[in-house]
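Structures follow.
First chain A sits with chain B, and in the next complex the same chain sits with chain C.
Showing the complex of A and B:
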């Protein structure tokens, strides 16, 4: 027996897929932000070897399809190093790495956006390199980076849809399941698309609010 | 044991022609999609910057939607949806159409900002000279925009190449699709996907070098004047 009609349970399915997508997005964003910032700090301190390694890795991750990265981690790593990777683990590893590469680029340009004179002045006052990074650069770089970061995160949300290909049951996979059962592609994919759209708008909105707060100190307060 | 940590590339030699065939298919799809997205992008950018609020609103909605929805969802929408309304065009055509529509949204954004950065004096001079709107767009606006936005257009194109790997999910055996087949034939997924990663990265690197050269060539008169 085949149920081709939509049922109320489908809403639960979609909500479940949405939850998986969102959870993976949040987790990989946090990990990616952390790793990308660490890479940027490595570059800031000009650690020999490591800086070149990190820059090359970021370039490679930025300039290759996420789908291939996913396949490499999910199919390649287990075959090569003999340890098993579940689809969710592969998704977390790949997406975090990918986000980190883009965060690295944004962080580096944000750090470079701070005028040299400020850093020189801070050095004259006897601040250590870490104090300069923490007290002078970070607060300003954060306000500079939040715009590009919002754009990146809206993009990374869309990238999470690729993990459905290796079998993570996220929103896109749910769409696929519903599509194959109901055979109503226009309705199913329109709903899935609308859900992604709403999520993207929410991220953009949150980014705008945060940017306004971080830039509050530079805003003109009026007379 | 002993087999496990061996990184052996020679095993892939017999599969190179097959992979090259996939690469050619990727190149074909990307070039067609580039042409398609340039056409769509120019039309949509013209609508967005037009004086009519209704047209610019519609164009804006198009750009907003196709930029905010994952490409794979758009692709499935077309791949499963088109046969539903009686259009049977095959995976390749569907892929090129979907890539063009998605790429068109990004392209139109680049072209729009190019149009907005044109000195208003030039456009006013053209209007005063009695040129009609379509002529101004074709003969004045587009030559300037396409020349100055080579770099951002190039990065859209590079993104298009990377996105084209997603076409493998609709049974199209382009580069990634062929690599998947080779990986399951040889049981050597690690080697094949490492090669694939490096291949895509070098391909996009070469394309970006080409774009840089094209940008310098097209803007050579601006460079010598020290403006660009």
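Showing the complex of A and C:
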């Protein structure tokens, strides 16, 4: 392979990689938030069997390496279930599941942090379990969870870089390609690292703004 | 009518309510006295369905609180004021008061909030209607708690030591509101350590001891030398309460 110096087109390549990483991050975050919240609601209602199932699944997902999960989905699923997955599909499935597991844990502890006495009051006044979840628990749990969730998402952004190993051309993979072509690892990886850093800071900033708004909205001093 | 028949409740091996029979008719104020741990709060929590009975039956206007379907109706007819207020911390006073009318009685929000403001006004809280619980004093919080109960237009008010977390001045405020409600004919089950106050507003006094209902007497008889006071257990309790 012939190696060459940087060209202005490399900026487009990096932007492409960045776009792929961001898209994957956003998609898996939305799916993960949704699934993790649904699991937490299942647990809140103590649905028999399902509760044990989602709790065990979350335990498995958060206590095994994401890379192993990724291999399991990408190589294992086709071999086991004759079910072919593209690298992007495997990445979406794995990262969504992983995010969901941690969202579940955060949501469960946020729900449990809400004082029992106000929930008893709501029950006595005849509110249904769903009304209590929606009107009493969710708004307070949200304010409680936003900090840990921001931390989680900053971390999940970094985790997306793992998908480069199964051939998804994300920011890390693009860095790899540029590195092999230019043989300037210090410059390439410094730029790639800086791009992740800026994205992480943006997520943290958005989280902080949201947290401030959630708490200011209630003028409520918290837990 | 609230009616309890042979109500039993245990926590593990400890029997906390041991065959309670009690009727509370419309318009009555029934005070429940008894020393700490005698089961007063547990009895209230059985009436509003927060505890499952281990035996016997409680009905509110003939709706059995032990049956899930009837409990909903029973809860619409009774409202509880809590010792530690149990307000929703993320909602303003008005929102606290209007929540159950909107969600349970399906009152339109505008109307529910207007009614909530009128109630808060009636207990001297019009200026604090948009404050959050954390911004209110204990006495103000309990007044919100009372409004929250009244907003459901309940036939029966269940009150469990609603002034015991308040200082004397705030206690006087809150008791003043209860006295007014009693004069207006509100039916109340009133657990309290405020003996003298109970004496002024109650139609009947009930005395619990170790989970048993020892006496159930009209107020005058309860405090008469040849009535309740003739019972050593009650005389001892009253003299101890008056010393504190």
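Throughout what follows, the second predicted complex is superposed on the first by the 214 of 223 C-alpha atoms of A that agree within 3 Å, B and C clash if a C-alpha of one lies under 4 Å from a C-alpha of the other, contacts with A are read in each partner's own complex, and residues count from 1 in each chain.
One rule holds for everything that comes next: a contact is a pair of C-beta atoms (placed from the backbone, for glycine too) under 8 Å apart; a residue touches a chain by one contact, two chains touch by 3 or more.
Remember, predicted model here, so these are calculated numbers, not experimental data.
In the superposition on chain A, A:117 makes contact with chain C only, while chain B stays out of contact range. After overlaying the two complexes on the shared chain, residue contacts for A:127 are found with chain C alone; chain B is out of touch.
By the touch criterion defined above, A:81 lies against chain B but remains apart from chain C after alignment on the C-alpha atoms of chain A.
When both complexes are overlaid on chain A, the residue A:197 reaches chain B alone and has no touch with chain C. By the touch criterion defined above, A:189 lies against chain B but remains apart from chain C after alignment on the C-alpha atoms of chain A.
Looking at the shared chain after the overlay, A:19 reaches neither chain B nor chain C.
Touch counts on chain A: comparing chain C and chain B, the chain ahead is B.
In the superposition on chain A, no residue of chain A contacts both chain B and chain C. Taken in their complex, chain A has these residues touching chain B: 59-60, 63-69, 71-72, 75-77, 79-82, 154, 157-162, 164-165, 172, 175-176, 179, 184-186, 189-190, 192-193, 196-197, 200-201. Residue ranges of chain A in contact with chain C, taken from their complex: 115, 117-118, 120-127, 131, 135-136, 139-140, 143, 218-221. Against chain A, in their complex, chain C makes its touches with residues 48-50, 72, 75-76, 79-80, 82, 84, 86-90, 99-100, 103-104, 132, 134-135, 148, 152.
Here chain B touches chain A in the complex through residues 4-5, 7, 65, 68-74, 76-77, 80-81, 84, 158, 162-163, 165-166, 168-169, 176, 179-180, 183, 187-194, 196-198, 200-201, 204-205, going by the rule given at the top.
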